[in-house]
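Labels for the chains are A, B, C and D, by order of writing; each one numbers its residues from 1.
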Amino acid sequence: MLGLTRKDTILFLIVIAMVICAPVLLNPFPSNSALAQFNAGYPDLMQRFLIFGIFAIGFNILFGLTGYLSFGHAAFLGAGSYAGVWMFKLLSMNVLPAILVSILVAGVFSVLIGFVSLRRSGIYFSILTLAFAQMSYALAYSVLTPITNGETGLQLSLNDPRILDGVAAADGSLPVANFFGVEMRDSLDVALGGWSFTFNAGYYLCAVFMILAFYIAIRIFRSPFGMMLRAVKSNQQRMSYTGLNPRPYTLAAFVISGMFAGLAGGLMVAMDPLAGAERMQWTRSGEVVLMTILGGMGTLIGPVLGAGLIKYLENILSKINDNVLHQWFSFMPDGLENVIVTLIHPFVGKGWHLTLGLMFMAVVIFLPGGLVQGGQKIAALLRRKKADPNTVKQPAE
Amino acid sequence: MSKSNFTRRGLMKTGAATGAGLAMPTIFTGAVWSAAHSGFTNAPQGDTVTFGFNVPQTGAYADEGLDELRAFELAVEHLNGQGDGGMLQTFSEKNLDGTGLLGKRVTFVSGDTQTNSDAARASARSMIEKDGAIMISGGSSSGVAIAVQGLCQDAGVIFMAGLTHSNDTTGKDRRANGFRHFFNTEMSGRALAPILEANYGKDRKAYHLTADYTWGWSQEKSMRTYTEALGWETVNTVLTPVGAGDFSSYITPVAQSGADVLVLNHYGGDMVNSLTQAVQFGLRSLQANGKDFTIVVPLYSELMARGAGANIKGIFGSQNWDWKIENVLGDRYTGTNAFVQSFGTKYGFPPSQAAQTCYAQAILYADAVTRAGSFNPCAVAEALEGFEFNGLGNGPTLYRAEDHQCFKDVVVVKGKENPENEFDLVEIVDITPRDTATYPVDHPDFQGGSLGTCNPGA
Amino acid sequence: MESIILQILTGLDKGSAYALIALGLTLIFGTLGVVNFAHGALFMIGAFCAVTLHRLLQFSHVVIDETQTDFLGNPRKIEVPYIYDWLGEPLGRAVIDWSVPLAILFAVPVMILIGVIMERGLIKHFYKRSHADQILVTFGLAIVLQEIIKAFYGANPIPMGAPSAFVGSFDFGVLVGFDVNSVIYPYWRLVYFGFSMVIIAAVFAFLQFTTFGMVVRAGMADRETVGLLGINIDKRFTIVFGIAAAVAGLAGVMYTPILSPNYNMGMDFLVLSFVVVVVGGMGSLPGAVLAGFLLGILQSFASMSVVVETIPGINQVVIYLVAMIILLVRPRGLMGRKGVMED
Amino acid sequence: MGILEVKNVGKRFGGLKALDNVNLNVMENTVHAIIGPNGAGKSTLLNCLIGKLIPDTGSVMFDGQSVLGRKPHQINQMGISRVFQTPEIFGDLTVFENVMIPIFAKRDGAFRMHAIEQVTNEQDIIEAAEKMLIDVKMIDKRNEHAASLSRGDKRRLEMAMCLSQQPKLLLLDEPTAGMARADTNNTIDLLKEIKASRPITMCIIEHDMHVVFSLAERITVLAQGTPLVEDTPDNIKGHPKVKEAYLGEAAH
């Protein structure tokens, strides 16, 4: 189907199904139960899953395939975001032009940075991209404030021109991002028993783009171009002596991944029209590296899983405070309750970074292939239990 | 502290909800945050109402954030009738009787802003979308405050800003759903000028080091305006990168610049480092223009003073509030001691001004709800606009209707020469009365935006 | 003129911190082939060694003074450090006053121990893994270390004073005939500069004149051959890591009076020191030191108001800009060798 | 006219004359070997042929065009394929992909943005790669990762990758350096097989006389940066100058 192999088609269909059903799948606990804390099925987080999924999918096209580790991709996310907000301010609250311009601006920006940075490889390349991103961040935060609104971040205001939509809403409130009239924050709430599910318009817009991005990624992975990118990673010397010029291949991969980042940035502002300078900081770039590796670099689904896991921890873990802990363990005798709460306390709430750090270490140490490898190991374990112990291990795809 | 009642209640509620819900799925559409049947976002269902406390728990302002969170917890306890009631006893309005809000018990959720607009908005959105928070409060930087305020406006909930000192929060970026109790750079400048004049005279040459972002610029501007009005000359203003760490290359030129006052428009870690280093460079022991060289830090914070240690001694600055103010200046500032008592009893140390602002904001919100008789943000906003109150530790205070800024006395402090303990680092020099601190609504530094109209969501 | 001298002085000081961290990073990278993103955290832990010692020395018992009251109106508790009881108050005070230099003695064993534990427990298993894996695992470790420190010491900066003997500034200007106060520089910063020169010299001397150092240098030049010689490289790697950790830690200890330590200071320094290492050339010790001082001085010059007014924002980006130019002109940094870290 | 013409090439490194007035002609469909003792300038000459070094004097013409100053991929696109001392292959890729890549390079040039086409739809490439793998008897290993191959198979694969481009000239850089006798013989057999199966021009740079004499049709002997003689293997064998060069080396 769609020019994909059977295996890829199945993966693609699974991803589509998961994305469509996410509002239900991510809310497994009744909204009044104590475990509702772990529900992730609210629009903001679900949108973030997809947006950062797109960011990581794009990053993986560069890092996973060519092995070039960029610490500067946050700059493209930020550039896309700023471009998006400016489109909202100047042109129209329709998200489509904003997203397209975001992709375009990030693309142009990545051509410039990529052209310079790709003159070097290895850690020299990483440092060059880091330098570019940090410069963008520092300037966006201070000198470029007229364009970026500095620390506060660029946001909409009532006196924006917005030449297509005309003036702000009559009641003096800010206009809302929409897709040909469908507001991004529109949603359908379904309460079913103790459960409640929110189907949000913005989420499904992200879903369309994410599915598209995933499809493009599969096509690239399976294309001759994708094969060339893997060749870049494997042996650049052989590649040159085979008559292939590695530079345009890496630049193309860099720009494609930059445009994915721009798309993610554009979607971020389409969901929530504010673009802050922190989006360009190197720690943001570090985050997407972590997502990619955590999920499994060079795999199709890995980056999406990694992005989901990190965003989940960030949003869910950081909200678990001592009160919540006490609530959970209140069935225990007070002494034991306090001991357990004290034990868990350092890892949640304000300590969620600690959990994150420990998890990276654990994954890198025990699962160099990331979550995907973990999944394969479990699958292999299950298969071995069922079948002949001498089954030949399939090479990992 | 036994929490066992929570789960039992939770179970009962779940049971009830499941029983009712199984009969028929209910479907309604609208904006994410809406509950279409009640006319405004997150109208409280059942017998609880949820506040969202969005404070920095990681990053540079984590300690302030945690102090804010402590104050919020205390406020929630007091609203629910636990503890000693704190400032509820001294508050000029007597609507809050410890039975929760409009018959609903107050609960809260907390999130981490990471002092980062993106993360702060994500955290606030999750509190609104997932936890059904009816209001958002907290924060320890203006960028975050403005970002979250914008979000709350769009979402249709009330935002009660925490520590935010930039003019823009109630100036260019003011919003109908947002309210600020804390003071701002304009008020700092107005408050400090007379006291600087009294202590240092009219003939001074000032050198400004300014953090290179919106707050820094606006702080520098107001300090320049009001010191130049005194007759001070501004020798130079230099922008420093945020988080520079080592400010020595900005400090070294000061000694030979001909200036005799250094104004550090820095906050947080930048303030701690620039001040420490300025003292290290011996600036304070210099003589310039026949006068003792002095340093001024327009915005003070106790937690930062603790970071700067002995270097802060004798240095002037402004504060929104100080825990000693009622003891020093009498019962115009009633409420202070009651708050310090209950905070100190619970946590073992006195509260910071960030804590006081957040406590006051939570109480003010709750009071506005009771006076309005509704959780509808527009009703609450109306109740807060033009609200004149007293007894929350700052003396008589007005929530100005036109820009949602509180006007009250500003405390001018200086670093204490001989602190008795680590919480006693500043001494109150004087207060600048509310009338002096108040600026007109049409002040040019606050233009370029408008409140818009209140948004109830839905 | 005076301002240029001053900026050179501040630049040297900034440069010594970069150089010390970069030196350790290069040592680890050059010998062990490991990219250590937790190196900034080691600097931070060093700084907190000083804080810890300061707190230990101030470990107190409580005397209740009925004549005074605390902020809640209870009798005031006065804390008397045990050290006053042992050494008498004047000497006890002096010891606390000198806690930062004393922390050197405390930090060296602690940092070496931490370094050895890190290498044996974690880094060792990553010699054969990709650089990306090394970066990730050490980055994770940095976060963990940082969060542990935060859990104990909070997020706000903690003030640490230099010994009172070093408070104040030295007036260079007078020496060379400038006006009084035109070129003043704090004593402690001079101490810091001198201290880092001593450490740098010690590291180089150690590598140059000891057999151990020779093997390490040989290992940096050609790891495989040294492995083939049958020398027990593993043990030496551990020691090298310990030394690098100690150097970073000492840089941190002595830096505390200049920069009040907070849990995040390591990350701020990490990125810059990586830029320094790369500009110097991966694997080149003299390159790291040279680049450290060079970038420190450049950063100082870029902060001069004349410069900032001419090119706004240059003070924020100068290091990155220079790093880019150097990398594009000299592909392997100032003194880098071919083939290192290019795959 | 030879396909590869080296004229008056000289190269100095500081005071050292690495190459001095080298003239060389590789004729089409012959196996031409360049031999010489260590330090004779073999590697320098090779580097001049592949564009890595630019000679101080002289010209290197391939198929009527100068190769000087061209990048490796451009030189390959002119029709020169290269086999390395230690096999250079794409270790992370499968054997089949390893063979497909050079065929793509031959068909599509140094760069083509074929990101939307799928590899599985490239029938002509797949067929060519399969045929190539059958030719070198590696078709049963097509799905293995190249890095996991034995050393001999790696050499075979590298050769297949080069041949799949149907190069006008196959350049071999000490293909048996550091090999055990048995491996060397295998390599010789492989090269003989290749030579027998198709018309091909090869230029072998080699230290090992045994390899050279079993393969080459013409031999150039290089000593101290300059060609001593150029002749058929039989004539070279007994040539006094060659003996001198090699014995001289042995005497050192």
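The criterion applied here is as follows: a contact is a pair of C-beta atoms (placed from the backbone, for glycine too) under 8 Å apart; a residue touches a chain by one contact, two chains touch by 3 or more.
Quick caveat: nothing in here was measured; it's all calculated off a predicted structure.
Common neighbours of subunit C and subunit D under the contact rule above are A. Distance between Cα centroids is largest for the pairing of subunit A with D. Relative to the centroid of every protein C-alpha atom shown, the closest chain centre, again from C-alpha atoms, is found for A. In whole angstrom, the spacing between the mean C-alpha positions of subunit A and subunit C is 35. Computed centre separation for the pair subunit B/subunit D is 74 angstrom, with centres defined by C-alpha atoms.
Centroids built from CA atoms put subunit D at 46 Å from subunit A. Inter-chain spacing, taken between the CA centroids of subunit A and subunit B, is 33 Å. Shared interface positions of subunit A, i.e. residues touching 2 or more other chains, are given as 138, 142-143, 353.
Along subunit D, no residue makes contact with two or more other chains. Looking at subunit C, one finds that residues 316 touch two or more other chains.
Of all possible chain pairs, those that touch are A-B, A-C, A-D, B-C. Within the complex formed with subunit C, the subunit A residues making contact are 69, 116, 119-124, 127-128, 130-132, 134-135, 138-139, 142-144, 282-283, 286, 289-290, 293, 297, 346, 351, 353-354, 356-361, 364-365, 368. Contacts from subunit C toward subunit B in the complex involve residues 2-3, 6-7, 9-11, 13-14, 17, 68, 70-72, 76, 150, 154-162, 167-169, 179, 181-182, 184-186, 188-189, 257-260, 262, 264-265, 268, 299-300, 303-305, 308, 315-316. Interface of subunit D with subunit A (complex): residues 50, 71-73, 76-77, 81-82, 84, 88-93, 97, 100-102, 104-106, 108-122, 125, 143, 145, 161, 165.
Within the complex formed with subunit C, the residues of subunit B that make contact are 58-63, 212, 236, 238-241, 243, 245-246, 248-250, 252-253, 255-256, 269, 272-273, 276-277, 280-282, 285-286, 288, 303-304, 306-311, 323-324, 340-341, 344-345, 350, 420-421, 423-424.
Every residue of subunit C that touches subunit A in the complex is listed here, in rising order: 35, 122, 125, 129, 131-133, 135-137, 139-144, 146-148, 151, 267, 271, 274-275, 278, 282, 312-313, 316-317, 320-321, 323-324, 327-328, 331-333, 341-343.
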